[in-house]
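Look for subunit A in each of the two complexes below; its partner is subunit B in the first and subunit C in the second.
Moving on to the complex of A and B:
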């Protein structure tokens, strides 16, 4: 189906032609679009993409998100107190709503200068163009390449060596599609507004930072938009980077994200992904443990209902000795929701004493919900400890009866048990405003998701 | 208060209860004794509304209301409490959070004001002291990793906090050492009241030394084969259940 791929890539190549390859990262953009064009969109025989139905996205004509349609205070509901923040609307920086951190090289990618330009030259796109790409068989990530070629704006954060940031930095990616883009024909929109949020975090040696990314829609009922974000983390030796990715897009949104972390000697990268919104959502995470003693923790929660689809594709590479990784992904699925968890742990021959653990647990609340879980271990070192486990189960009927026998109504008992399942992930949020927000979103999606009373 | 008439119940196509009659009045304590597998827990679970058990004949009434028409939580609201033989572990749900949710769900259903955090804590502390439940257990997830004895005490704590009108205790004594047994019995005795009744299901006579019943029933193979006063428990202790097989054969 290579000829099919050509017609599907055309509109995206046109977007690039319209924008051109100028600016500080022009050469890199050019290279990315060439790679994208050569690779094309994944076909149904592509193992990594087989279970993701890209049809609804690729059938629609992409138009650049128009931007600017954010009224005064439109970002407020999504902003946390006690944070530094950078706000983007439809992929464009909104300086009036932002308060960038001090002492940090933070700037919009559209207008880098001085230290910023150096940061970009060294790091931006390294994970996409091959300088720091995954070894082995990872290939080109088509959407990461598209993002590099087409991102409008974005944020780069350079945390100086030895600096520990006191406050989290919140990066809000707000989508505010224009109303006419949402007009749907035969289930799939005729056109979709597309934006390419781009984040680069470069943590200097022994620095510490917390970054919270929030993906949301100004109007939760909005549809017909496509967010295609990419995030890169360069964690210098001894640094500690905490990252949260809250995906709370509108119900009809498409979201295909890519994130990449390179973790140096004795550094720790801790990333939580919480997915509540969107119709078709996927998040691909690559973590390279690239120095002795490097550690990563990757947690996730997806709470789905209706016909939502969410895929999480993880690739953790242990490339040096004494590296550790912990993954805990949990899913709650109601309605006809579907999920895919593809977790791959790749242990290179040099990576002796690797300690890797991967867990994926799914809770199905309806008969029609479907969870796929595919853990994969590829181990080329002989002295390692790698474990993985996955479960797909239903609510514990005995526990439900026990709660009800104490007078707690069906709905409340049900909610308590689902919450008990999910909080293992949400409780890890140490920043109190974030934790409370996650709790609230969890409860909202549980209540929205329950339709029947008695026999669930 | 409780009226069970000719109750037949089956599970997975197997008839377990084969015509049970039981009448409990306010202020009374009834003991139901019987060997393993005779249907004691089935009776308790049917009363509480477990859906796995199908009532095929007979009736169940609490204060004249048909229990079969009521969901498990509605039975609790009406004042029924079951202390489970095997309390369920619920990871991720804190014990005191659970108790507060239970207390307030019942209060709400009865049209009473919900207790705030302070008032609830006061109540919880007082009742935990009564049944000697360590406060550390209140902070842990419900029953998770509790010892057998801790689970049973936790059941009694729930009873003490919820103040039911009719409490059914399913082998709350099994697996308890003598001190724990005394504490549990003291908890029950402290709650004994004119307007409250107990059905104490047990395998051994031992508990009945501390909770003296008004009536004792012997359940054998899904039927109550004999009823009597507290002296019946002592007779059982001496003769075992073997003697009652004959009694049933004659009946």
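Moving on to the complex of A and C:
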């Protein structure tokens, strides 16, 4: 390893040194930091990372996100009605703003006790740090390892077998960087406030749950903070887990997220990722279909403008027969925005009768926008149906003409078509307040304005 | 103004002027690769100084490169110092005297492909003087081509007879340090073909027929350069459906195509080198760099390939669409049976306005074969209204093989339209049953279905080869079902 890499990993190792490794997951934290130290940050030669420029993050010195200074009701604009919620500010639990669900083991990871400790000891990090990377070689995912080593707080949800939660659980990850960092100007700030949100969902047999994660900034104009979340889903046999990941960080934020799902026999994992904010955003997903009849749906939408970058990397592994997976990722790119879609379906030899579909569609609205799409298939079983499709283009001239011929102005017609393109993903949200919020955000970002997403 | 780098380069280039041991009488170079060997090869071929310099530059670049590891293939590491980089064509005394000395298995394959007896002898490398009338046929062709001003000769001849053309175009499409294997080829290339079609000439024949008889023994480091001048048109077929007798395990060829304004080049390949035995032992490694440059407006380059041989194939025929309205096409059928591995695909780089490209790739895996499609479509900012359509289908026969698809799509112009589709399937039991029911046995049914699967590509081949390619597919997949 070069000395350059040392100066980059060094500050993160120091963060760990200051934190210690106790508690039920102490050993795992220790292991994770060792793995991270051994692997270092990925370079431009790393296939999974070569299209992501980590420079702005790695040049800055990380400092733990401080404060938790949030005025009363500061979280309100982001909260949905009719759901249980847990609110975190700068990666720390804010009990005052939270109303944890009943009937499930839900607690803050910072101080777990009793039954929760067992849950943690059994599951936390068990899957993430093993085969974590989206790459073929399944190396260590450096940021997932960092999260395991450094998270301060987070949510663990244990849904008992046979329980169907009626209300969705909203987990709000709010960033409120201190004024110094936000004030820094001219490229990457010298120091950057970093938080490591952590989510663990363990769905028992035949249980049902819906989890909505919202990443947002208390002040949309804030900049210079770095969120490095990790989420794990353990979907027991026959369970149904719906997950929505709304990323609405401040325009200058860095966000490198990782999520991992293990889906057991006849279970279904459905995850939607919607990315609106952030300057440099990655969302890496690994889903393992580990039991017969397991099903997973991964959908995504990214609406980018300015010089935003969003990368979606995912790996779906079909390990058992009769498993199905569907991916639909759509992107709308304006300004000088850049997107990367890197999806890989991996069908093991045992996974006969696999049915997998992967679709990535990109709409380029400006000359300077750039979309990269790498849909990949790796298939080792013969009796399978795997397809993937990818398109990149602009709006259909004929559709535009059709609308204009009916007296609809150019701007409006344009807006309608883009909206229609993106709504295929947002319309999948079944929870009404969420769907309305997504629509509002979509509308706001397509019209260049900012919306704080408040919804009645 | 000389810079420090220039000075260093000048020094580095100077030392080969002295102290080379060059024994021109020798027929075979000792194993290993060094500047001496390269000088030996160059001297052997009586090459001008600039070409030797060019080779040495490539060699020096190669020394600094590392063998690429990204391809989805596994093979034993190659010891580049144990390879013999030059061997004179075999003299008649060393060759088998008649077809009786040839491996009966190879003969059986010739039989299945329906290759005429005389041609079998040529292919098997039998020493025959004046095989039927190949010499006269070749001469007739040559005269006819010369009338039109078409230059079609071996690369070595071109270096002697048309050095200005070779010098002008060599390395313009595939630079000598383009990649590890291209650099190796640039340093030690043995021979190959050279094609030059002058302005406005439509080449009157498929250059294939001629080639098949003539271009034997070009060695393992083939170098092909084709230039189609304004408004010209040429179709070229390399390779052969018949399995080739070949002792060299490593093949690293480079093919460069240049199409000027309104020119069209159609380049078809049928590759059926020895794939190794059922355990994959002894097969040929085929690491090829093929690239075409659509230099002029409205030019067109079309690659068609049928890849059934070689133990390891690593090949990406590409098009750089620089001229406005230029067109690139890639049609491929790749079969990997037993332990064969193929990592193949294409690269389409759209630079000019209204450029369009089509990619049709059909991968068939059987036995324990691994078949990878790896393609890249890049639409640069300058490529207004560019269009791409890609379709990559894989078929799996048997449950121990693998099919992989790795397309890379980078679009930097919103007016571009690009579509990529891929699917993976197997031959349906119901399809087989349907055929069986109508009295078609399973083997024939499979062959029928596979041929249907590959139809879009075979359609692009020159007619007589399309017929042979179909048979070839049957032979390649023999015994993989049932």
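As a convention for this text, the second predicted complex is superposed on the first by the 436 of 456 C-alpha atoms of A that agree within 3 Å, B and C clash if a C-alpha of one lies under 4 Å from a C-alpha of the other, contacts with A are read in each partner's own complex, and residues count from 1 in each chain.
The rule we apply is simple: a contact is a pair of C-beta atoms (placed from the backbone, for glycine too) under 8 Å apart; a residue touches a chain by one contact, two chains touch by 3 or more.
For clarity, every value in this text was computed on a predicted model and none was experimentally measured.
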Overlay on subunit A: subunit C relative to subunit B, clash or fit: fit
Touching partner for A:391 - first (subunit B), second (subunit C), both, neither: second
Partner chain in contact with A:39 - subunit B first, subunit C second, else both or neither: neither
Which of subunit B and subunit C A:410 touches, first, second, both or neither: first
First, second, both or neither for A:140, with subunit B first and subunit C second: neither
First (subunit B), second (subunit C), both or neither touched by A:349: second
Subunit B versus subunit C as contact partner of A:13, first or second or both or neither: neither
Partner with the higher number of touched subunit A residues, subunit C or subunit B: C
Touched partner set for A:367, first subunit B, second subunit C, both or neither: second
Per-pair minimum CA distance [subunit C against subunit B, superposed on A] in Å: 14
Contact residues of subunit A, present in both the subunit B and the subunit C interface: none
Contacting residues of subunit C [partner subunit A, same complex]: 70, 379, 381, 394, 396-426
Interface residues, subunit A side, partner subunit B - complex: 396, 398-399, 401-410, 412-413, 416-417, 419-421, 423-424, 454-455
Residues of subunit B defined as touching subunit A within the complex: 48-51, 71-73, 75-77, 82, 84, 87-93, 98, 101-102, 105-106, 109, 141, 158, 162
Contact footprint of subunit C on subunit A as seen in their complex: 47, 349, 352, 362, 364-394
